[in-house]
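Two complexes are shown next, each including chain A; its partner changes from chain B in the first to chain C in the second.
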Partner chain A sequence: MSTLLTIDDLAISYRARGERHTAVHGVNLELQRGEVLALVGESGSGKTTIGHSIIGLLAAGGRIERGSIGLQLAGGDLDLAKLPARALQQLRGARIALVPQDPGTSLNPVQTIGASVAAPLRIHRWGTKEAIRRRVLDLLERVGLDDPERRARQYPHELSGGMRQRALIAAAVALEPDLIIADEPTSALDVTVQRRILDLLDDLRAELGSSVLLITHDLAVAAERSDSIAVLRGGRLEEVGETRSVLLDPQREYTATLLADAPALTDAAPRPERLAVEPFVMVEGLVHEYGKGTDAFRAVDEVGLGIARGTTHALVGESGSGKTTIGRALAGFHTPAAGSIRIGELDVLAERGSRRLRHAVQLVSQNPYASLDPRRSIGQTVGEPLLNLPLAHGGVRDRRVLAERVATALEQVALPAEVAGRLPRELSGGQRQRVAIARALIIEPQTVVLDEAVSALDVTVQSQILDLLERLQRDLGLTYLFITHDLAVVRRIADSVTVLRHGRAVKTGTTQQVLSSPQHEYTRALLDAVPSPDWLRDARRSRPTQHGQLEVA
Partner chain B sequence: MPYALRRTGQAALVVVATFVLAFLLLHALPGDAIVARYASPELGLTEAQLDQLRLVYGTDQPVWVQLWQSAAGFLSGDLGTSLQNGAEVESLLAAALPATVTLASLGFLVAVLLATGVAVAATFSSAEWLRRAFRSLPPLLVSVPVFWLGIVLLQVFSFQLGLIPVINANPVEALVLPVLTIAVPIAAPLAQVLIRSIDDTVAEPFIAVARARGAGPRWLLSKEVARNSLLPTLTIAGVLFGELIAGAVVTETVFARTGLGRLTVDAVATRDTPVLQAIVVISAVGFVAINLAVDLVAPAIDPRLRKAVHA
Partner chain C sequence: MSATAAVLLPRRTERAAARRRPALTLVLAVAVLAIALAWAILPWLFTSQDPVAGEALHALQAPSGAHPFGTDATGRDLLARVIFGAGNSLSGAAIAVLVGLVVGTAIGVLAGSTGGLADEALMRVVDVLLAIPGLLLALSVIVLLGFGVTNAAIAVGVTSIAVFARLARSQVLKVRRSDYVEAAFGSGGSFLRVLWRHVLPNSLGAVLALAALQFGSAILQISTLGFLGYGAPPPTPEWGLLIAESRDYVATAWWLTTLPGLVVAAVVLSANRVASAVREATA
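Take a look at the complex of A and B:
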């Protein structure tokens, strides 16, 4: 076995507001031919920066300060850190290829799929027009796209996320590169699609003998797919080594923390069954359609579910399964075509738009950055619901009372009071999500709809937010409808589950019933798709004490 | 294609609405052309004689009858007669239009070339100081008034440098400065929009992906950026066509050229309503046609719009 990539003492800095900040502090890595090296870490750990420095794509203001990036090719050794721009450009796409993060925005929207896949071939003058056309069709077929002729003529918006990622992979492997940098290649995709895409990458790597640098925040994906693993934190290498030995016997506390926080890798004890006789939230025969007449698309088809007071019910399914539509209907944001929704004594559909409904249910949505007004301070954002409510319905106009209520709400979500004076962009992702939760809780709702509320967060932060939600539920007796695509999170937080597919509930029951003995084939498929290698799970199961020890506050 | 039909219908509606609105506004002006032309004391016409003239020109009828007659005339190609000199409006327009169309279309072409050049230099130059210099150009030029620019150009190129003769210039020479005068105020906002939309496109992840495939600046610009940046610019270009008409008025006055702009100034000065009416309608038709063309071309540029078109 020979080494393909040797990174030696690599340091990278960025210029921001006239100052230079070091993003990567002297990192050493090695990647063997034909193997997969996973770079894992939270956002800001420098994993993407390292990946981008290899392919020469550092963002504006980024600079390699010292160190070398050695690439050992058949024709000789190169140091990518010192290579002139021209020479580097010739390696890109040919010897080093990139599989990008978000297939939704990584394809030129006005170019056909065929043209996108042909781009690297044309840039590197691979062959005649006709030869390239045939090669593109071969590639599209190789990455598993049906009817390549038609796909080549289609535009990105006509394809699903998984199909787009396949097309991007086709373009990446077009020139049979020695090194494929896969930058969070599946984090924007559903679990079942994620598995198929990772399988495809594996197959192609084996077929071409390429090496893969897999950048991911998902330790489970790294565990399942890599030969060796490098754990990064704050631009420094925490730990590096063979994947099994690093994960089975982490030398650094940080690695152990990441492991403990990864929901897919922990067998959290199932929650004690707390099923009240009478459900507090009742959804019956819910139907929702988009469009009209014969074009109507039934997003939710006769779905019913019940949630006991003070418990968490999870809605799981892939994108397009109707989970968000149900959540929004419960929060009173749209009127379904048929069905009924009750929260306690309240008829949600009859109360749509009324102030009373706002006390019954609040919504926390996925992207905490997009759902906070960038120009308002955190205090203004959190206090806003109280200003909007009429006095008779618990509204507040008095400045001092308002400030106190805001401080209490922030305290509830474990944020310091001085955060009230800051702007959203001055907070981290986790802090923003806490703010969004505080805003929902300030008017003391009974029920909270959490729409993918932790999906965009790093595992450690995600784990903290889940802890927070559980504590709030205990203290305030809240009822949650928890919308997620992540079954591992469901196992950790939900009392009961509804599995949705194409707008229909394929399975409803306690978390234990649904996840431990999945009856439905689709539930099993979803469960199988969660990356979680047996060797790691078994090892962790046999040492249950470790999880308890390492849990961080 | 129902979308094209619908848009064409809307465009026709806008023209009709403009016609009616312009007619009513011109009618609502205090006094009329008869008074403006014949009521001066030197002519010494009596009130009865003025009424006689009103009868001849049809201005004594109720407004809706006049509107109807005027509309019927427009539809049959009879744009009426000038109240000022009795000439047919069609022949006045026929004499003025070619010069203005030449000036405007050349001005627009130069504006597009200028804007594209400045925008590309401002975003793709290798040196940062060069990019900055080109970037600050459009905001500066946006604030330059057309008449001032015309006078300055004339002063510098004709009087001081003597490059372009003011008297006895051949047709090409006579066009250079007016075209520049009309082009710059359009090129500046166009370049601003183009720079902005190139910036937005370059920040898109698919550009990084293209660079990762080994694309150089030329490939990026021609294959990835150009078409994506075109659409917002095209929309603005359609709107800026209105500037072109306004620009023609000032430019033709400053450079003493005959054309639609001069005709407009004269017609306003003498309150020649039939001529004004015709000019407003012609301008509206031009404006609406250009914007309709932009809307119909857009789906060809961006495939994502095609779906909406068929729906």
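Take a look at the complex of A and C:
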């Protein structure tokens, strides 16, 4: 086996606000021909920076400080770190290709799919116009797009996310590159689509004999798809080696932490089943439509569910399944076309916008970066609900009392009191999400709707937030509606589950019932798609298999 | 706990410390505006000459030590006229911007935050305003109000209402859709409270930048109206009028049009530079 890529003592810095910050501190990596090397790490670990430095596309202000990036080609060895821009341009697309992260924004919206896939062929003068046309159709067929002739004529907005990613892969492999850099190629896709895209990348790699540098934050994806793995943290290499040996016997504590926090890889003991005597939250016959008349699109179609007091109910489904719509209806943000929602004795739909509804339910939304007003301090944000309440109903006007209540609320979500004086941009994503939770809890609601509340966070932070949510539920007796696309998270936190597809509930029941013996074909497909290799799961199963262990294969 | 109240507010000192040193061009622009402002407020500190009464003996003298900007056809010191003219021109520009900013922003915020029928109606009015050429609109307003410095300023302000309204509306619409505004409503904020606490602070940055930009162009427009004879009556010193009065002497006395023109250009450029700094700071 020969080596294709040798990265030696690579250091990269960025200029920000007039100062240089080192993003990568002397990293050594090696990638063999025909193999997959996974670069894993949390946001800010430098994995994407390394990937971009290889193709010479560092963001503005980025500079390779020292070290070499050796590419061993048939024609001779090259050091990509020292290659002039023109020479790198010759290599890009031809010998090294990039599969970008977000298929939604990576295709030129005014170019047809065919033109986008043909771009590398045209740039590198691969052949005549006619030859390129035929090659594009072959490629589109090869990446599994039906009716290539029609697809080539379509524009990006006419294709789904998964199809766009296939088109981007077609463009990447058009010239049969030696190295494919796949930067979070499936992070923006649903799990079932993710699995098919990763399969396709695997097939193409085997067929072309290319090597793949797989950049991912998802340890489970890396475990399932890579030959070797490099764990990065803060721009430094924590651990590197053959995937199995690294993950089965991590030498570094950080790797072990990442493994323990990855929800897909842990066999969390199922939560003790709590007897649901009577549902506290009741949703019945919920229907919601977008648009009017014949164009109306039924986002939610006759969905019903019940949640017992103090338990967590998960709403699972892929994008467009209607889960967010249901959550927002429960939180009183929009009125459904039909159906009823009750929280305890309260009729949510009749109480829309009322103070009683606010005490009954609060919403924590997905994006902790967008949910906090950038101009207001954390203290102002957390204290705001108390200012909004009338004095007779727990409202606070006195500044000192308000500051104390804010400090208590921050303490509840394990944030230091001095955070109150900071602005959102001075906080990390995990801290911001804690602030959003504190804001929701300060008026002591009975129910909290958590809309993908941990999806934007790194696994370790995600795990901390899930712990926090469980503790708060125990301490305050909260009832959660937990909206997520991640079945692994469901297994960890939910007592009961509703699986949604195209606005319909295909399955509802306790987490054990739904996940351990999936009856419905769709539930099974969702479970199958969760990346989690057997060898790793078996090895991590320290206890003997107990009854009710989840069968995720 | 004496520091509790302070804890709720952002620590301004640290934020200020994090800010970078301002660019040289910005310092220069602020200096130019400061001088112009000083001229407007305390003109007699900068010149001992009379801006209105002249000595016919010294008519049409080229710039010299005694008269740095030269003198005009009736022997008045041009620098004195420019300095005393700053008051009329800058206060006119300020009135114009204030009219546009207040009325335009009010229309835009109202349209953007209420939506529906009110939005439709207000924005169609704005469309009508936009459809009429600015100068024509300004002249029509002056004819309605009567001639004079203040009326010319108001007329210029009216022409900028549409731009302010559209910008304010688009900013409000953007902020209204954000998660934090939804969260504020979800925690029980009333419409006006959310508007005041979240929507306005986050949407008015761009509007303020436009105001600074509009200040420069208002000076130009007021000068244009003065030049056409719709502004201040002679012999009031006003920048547009100064240039207008001197246009017969372009061939023989270049300083009469060029030097006041350069002053106007410098102030307008400075206002634009400050506007772009405001936009960056609030982005």
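Criterion: the second predicted complex is superposed on the first by the 539 of 553 C-alpha atoms of A that agree within 3 Å, B and C clash if a C-alpha of one lies under 4 Å from a C-alpha of the other, contacts with A are read in each partner's own complex, and residues count from 1 in each chain.
In the analysis below, a contact is a pair of C-beta atoms (placed from the backbone, for glycine too) under 8 Å apart; a residue touches a chain by one contact, two chains touch by 3 or more.
This is a predicted model, so every value here is computed, not measured.
J.: With the two complexes superposed on chain A, say which partner A:100 touches: chain B (first), chain C (second), both, or neither.
T.: first
J.: Looking at chain A, which partner touches more of its residues: chain C or chain B?
T.: Greater contact footprint in residues on chain A: C.
J.: With both complexes superposed on chain A, which partner does A:404 reach: first (chain B), second (chain C), both or neither?
T.: A:404: touches chain C, not chain B.
J.: Examine A:131 and indicate which partner it touches, taking first as chain B and second as chain C; both and neither are also allowed.
T.: Touch partners of A:131: none, neither chain B nor chain C.
J.: Could you look at A:90 and tell me whether it touches chain B, chain C, both or neither (first, second, both, neither)?
T.: first
J.: For A:109 in the superposed arrangement: first (chain B), second (chain C), both or neither?
T.: Once the two structures are laid over each other on A, A:109 reaches chain B alone.
J.: Which residues, counting only chain C, touch chain A once they are in their complex?
T.: Spelled out, the residues of chain C in touch with chain A are 1, 4-11, 15, 20, 178-184, 186-190, 193, 197-198, 201-202.
J.: Would you pull the chain B residues touching chain A in the complex into a rising list?
T.: Spelled out, the residues of chain B in touch with chain A are 204-206, 208-216, 219, 223-224, 227-228, 301-304, 307.
J.: List the residues on chain A that touch chain B in their complex, please.
T.: So the residues of chain A touching chain B come out as 55-57, 89-94, 96-98, 100-102, 105-111, 119-120, 123-124, 155, 157, 168, 171.
J.: Give every residue of chain A touching chain C within the complex, in rising order.
T.: It is residues 17-18, 331-333, 355, 358, 362-363, 365, 367, 370-377, 379-381, 383-385, 388-389, 399-400, 402-404, 406-407, 417-418, 420-423, 436, 439-440, 443 of chain A that touch chain C.
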